[in-house]
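To keep things simple, chains are lettered A, B, C and D as they appear, and every chain counts its residues starting from 1.
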Amino acid sequence: MSGGGDVGGLRQRGGGSGRLDSRGRGGPRPGPLEVARLLTCVVARELMDGEIVAFGLHAELLLAAALLAQKLHAPNLSIRHGLRVERGADLQPAAWTSERAGRSHERVEYLESHDAILDVASPASPMRFCDVFFVGGLQIDREGSTNLIGIKGKDGRMKVRGPGSIGTTSIGTLARHVILFSGEHTARRFVDRVDYVSVPGWRHRAAAGLAGGPSLCVTPLAVFEFADGWMRLRSVHPHAAEDDVRRRTGFALPAGPVPVTAPPTPAEKTALEVIDPFDRLAAVDLAPDGGEP
Amino acid sequence: MSRAQRVCGLQEAAALARDGMVVGLSGFSYQNPPMAMVRALIRRRLKDLTIVSGPTSGIETDLLIGAGCVKRVVTAGVAFERVLTIAPAFRLAAERGEIEVWECDECIWHLALKAAAWGMPHVLWPGGAGSSLPELNPDLREVREDGRPYIRVPPVRPDIVFLHAAEADVYGNVRAAREAYLGRTFSEKSLALASRGPVIATVERIVEHEEVAASPERTLVRGALVVEAPGGAHPGGVSGRYVPDLEHYREYAGAGEARRRGDPVPYQRYLERYVYGAEEPEDYRRAIGGDRLEHLRMAPP
Amino acid sequence: MSRAQRVCGLQEAAALARDGMVVGLSGFSYQNPPMAMVRALIRRRLKDLTIVSGPTSGIETDLLIGAGCVKRVVTAGVAFERVLTIAPAFRLAAERGEIEVWECDECIWHLALKAAAWGMPHVLWPGGAGSSLPELNPDLREVREDGRPYIRVPPVRPDIVFLHAAEADVYGNVRAAREAYLGRTFSEKSLALASRGPVIATVERIVEHEEVAASPERTLVRGALVVEAPGGAHPGGVSGRYVPDLEHYREYAGAGEARRRGDPVPYQRYLERYVYGAEEPEDYRRAIGGDRLEHLRMAPP
Amino acid sequence: MSGGGDVGGLRQRGGGSGRLDSRGRGGPRPGPLEVARLLTCVVARELMDGEIVAFGLHAELLLAAALLAQKLHAPNLSIRHGLRVERGADLQPAAWTSERAGRSHERVEYLESHDAILDVASPASPMRFCDVFFVGGLQIDREGSTNLIGIKGKDGRMKVRGPGSIGTTSIGTLARHVILFSGEHTARRFVDRVDYVSVPGWRHRAAAGLAGGPSLCVTPLAVFEFADGWMRLRSVHPHAAEDDVRRRTGFALPAGPVPVTAPPTPAEKTALEVIDPFDRLAAVDLAPDGGEP
């Protein structure tokens, strides 16, 4: 099960600049760890006790957020990382890829065989896959639709082939709560209308006869919420400038004053030290500008 | 009379695949791709294959596309996780219109195989309504029943399935390593159940039948043809045996990206070195560096 | 803050079932029926239940019918294997028209639960065409697609599910014994996945969470409410723990057959002795003979 | 998975007379073990190498036949006993019911979880449930339809409620070869038309658009085959008389000479000694007259 949480830019990862180059409203420019920790807190605050939160593999920040929520206010939060229900108190190396942490399976409390995703997709089941599902995209639009399929050229044909919708479409349609998460905040990512729909937003859902839509979108610069099915700024992070955020968003946002995202509280900071003692969050791929030069 | 063994050689098994077939391949992202078999299929210069891999596929699919064997892919995605967001040969061939993509997600991929295994003409799935999937696939239709939207998913039925796993006995009982992933299966069983034709398993090691029969709950697939091919998932990993070779993935990704940007030489060199010029297992081992697999091996728990 | 336990008492769990509900019950023939819970449900004098049990059901279903709690049964069969070909209370109530039977077979029973779990409005199944099932169930229709016949199977969705298993942890991870049946599941998981409401597991023993989490591949059902009820399947058996008490089955069958032939006394006496008069676990143990369960216990392998 | 192989009469089992009371054409009246062994041979001869044979639990005779075929001419026969693929050379106590043979799981080579019956029902799959499926019934009719559902009274309503179709209907419809097996041979069991259809025979299949039908029906007295979709006698067992068989069959059978069922060969006899050293087959529930007084 891939949640698409880690699908970022179109470039090869690892070589980009990855810098945070927007000006803060005050205070010194934060490092990648500080930004990642802030986002971890932002996400954690959205997770409720007793819920099941799900995201794809390679999503350390979301995992950290779930662990933080568990520690602070949601002891009965279940964490679905891919098809595993995880337990454990801190952020460890990814379980199944190149890390050689042979003991990672000790963090698994329950797991599904891969095709069992069909069995648990229904949000009405006590064995449901999730209550809250995190989704990313190559493009995200104002109504909250995402696109991992491809980007059209001027001729209307597919110009850039995307990776594919991986695990996002069905669960993103069925989950009670969809939260969008993007490590990039550019006008290329945040577009007026996505070229293809991997997970439908408010209007595409309504057209298909489905109620609701994504509830939130978290980026390295800001948090969006939805009003009447359109994105608007809920808060801008302390290190970002509101006009810069608006400029980097490829569609018009309602005017009006926007609060600053609440920085990590002392309790959150303390818990984060336990969850991520080795600062693994510093390596999370957050490049607001898409890592371009 | 005694029971017949179901063991054969890599070439012999590869010869069961023919031009134009729908070929199922095991693997999820970096894990368990049947790469030794994929290289053997490429050396047979097969054409016009439909590849059913994944649901989220990796290098097994991309290499077959890059070598010109594929006309259609049934996949929820082809990607190399953090090494490369979009697999390069897949991207190039799709952008040039050289391959068709049956656009789905992981649930619908599994569902199409289930519909085949269960002998159903189609299945109505509540997920995916409102997405572009129905508009991109003429055979995926959005329909309504009692006012609710569903995607009508047709069966996808492989003609032949190749998978790679940790071990099997000589009678075709295939299983994963006990040491890791805790019985989690990827798509091995789904593909095998949906196949209308033979299921061929390359395995790290053929083990005693008695050992396999002592833990039947661990068997993923029965009735497979078995090919012993240690290291046969490289550069992918095998759950509980060895981790993926990300350095090799980067080498491949670099060659693929170079070709996508106009320089075909590195990719051609990759094919010569690791595929056409490495017909024997020893040749491949030498090409990747003699003790490479040892370095990737997972320590027993 | 700490994680909440999901453990409760038998009465408390039984109180979740209400008149008229669709109640899923685990068990296959003699194995794993949630009998302690069934007896508790009968003591609550529930009415008009729809029982989804089996697919081939046994005494759990028959006793509820015999006690007057049932109006409808979704089952592929109610029988006691060689003890009695047709379960007596089921037979009597069906012949008198006091219960409806949703006539199916084991495949269609599972399919109806799958359709519920998957959120499908119906599923087309190639098995069963030409049988009487569509004629006996107004909601099972024979349809044609591309000239082939299918049975159109609607979802069956329990409101609540009771199951019995060997063990669970306090967080609701339920599993079978390792010692037997090798991971084979019966209907526990199918029922739990299809349920729209709570899943309650009575278990022989609550075990340490660490022990369960160390082998997550063995967990059948998660998120259950757990009730410790040792011996809770009696007279049924629990895979790997104790065998069915065929002597007790014969006693029950004799009482049921007597009633069917016109003498209600032995069945009433059975209910008084083992159900109404045995509210506490000790009472039941005394009624069946103090060390009866010890005699039925399976030796460790 | 119940194959219905053991569903016999309507009475409580175990207390009946179970005697073989038909006259033989010659030779002494055989005991239950001899009849069971003959039927075991008859069934074994129908099983081909490389096939998968399936039957319900509690079907020792069919299991013995499969073991016999494996030993003599079908080393690659796979045996599905319920949802288990079994191996092993001899008949042992039933695995999962009242017998306390804790080691019975050692005879399992492969098993399915119970709901996996859906996955393997298609006969086209390499992982198919079976090639040959054995089915029994409360009623069996001349076109080979079976009935486990119930028996109608004169008013056309259900008078006797049967156990239900258990595992027979879907697999019986889908399997390549269906063989009927009945431990009873009476006019009550073998009727002109079944009252309800659990597994469809030739005409019910044709009406539903399905080709073929059951190929054989084995009873304690005779073997039926099908010609143009109607039952006819293929052979009468050595211990039975042809006119008695015709009298005990509730529909007309084509006239004409009927061969005698070939008795166990020396090779079959030798193999049976290995397969059933403890004469467990003597306990198989074969009561041609339904066990009635």
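The rule is short, and it goes like this: a contact is a pair of C-beta atoms (placed from the backbone, for glycine too) under 8 Å apart; a residue touches a chain by one contact, two chains touch by 3 or more.
Being a predicted model, the structure only gives us computed values, none of them experimental.
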Chains in simultaneous contact with subunit A and subunit D: B, C
Of A-C and A-B, whichever chain pair has more C-beta contact pairs: A-B
Option reproducing the contacts of C-D, where over half of them reappear, out of A-C, B-D or A-B: A-B
Rounded Å distance between subunit B and subunit D, as computed from the means of their C-alpha atoms: 42
Distance from the mean Cα position of subunit B to that of subunit A, given in whole angstrom: 28
Centroid distance [mean C-alpha coordinates] between subunit C and subunit B, Å: 40
Multi-chain contact sites of subunit A, meaning residues that touch two or more partners: 84, 108, 111, 118, 121-122, 174
For subunit B, residues that touch 2 or more chains besides their own: 114, 118-119, 125-126, 148, 182-184, 216-217
In contact (per the touch rule at the top): chain pairs: A-B, A-C, B-C, B-D, C-D
For the subunit C and subunit D complex, residues of the former touching the latter: 28-31, 55-56, 75-79, 81-87, 90-91, 94-95, 101, 103-108, 110-111, 113-114, 125-133, 136, 142, 144, 147-149, 179-187, 189-190, 237, 239, 243-244, 246, 253, 257, 298-301
In the complex, subunit B residues that touch subunit C: 118-126, 145-146, 148, 150, 182-184, 215-217
Subunit A partner contacts - residues on subunit C that touch it in the complex: 1-4, 114, 117-119, 173, 192-199, 213-214, 216-217, 219, 221-224
Sites on subunit D touched by subunit C in the complex: 1-2, 6-14, 57-58, 83-84, 96-100, 102-103, 105, 108, 111-115, 117-118, 121-122, 148-150, 158-171, 173-174, 196-200, 204-205, 207-210, 285
Residue numbers on subunit A that touch subunit C, as the complex places them: 71-76, 84-85, 87, 106, 108-111, 118-122, 124-127, 174
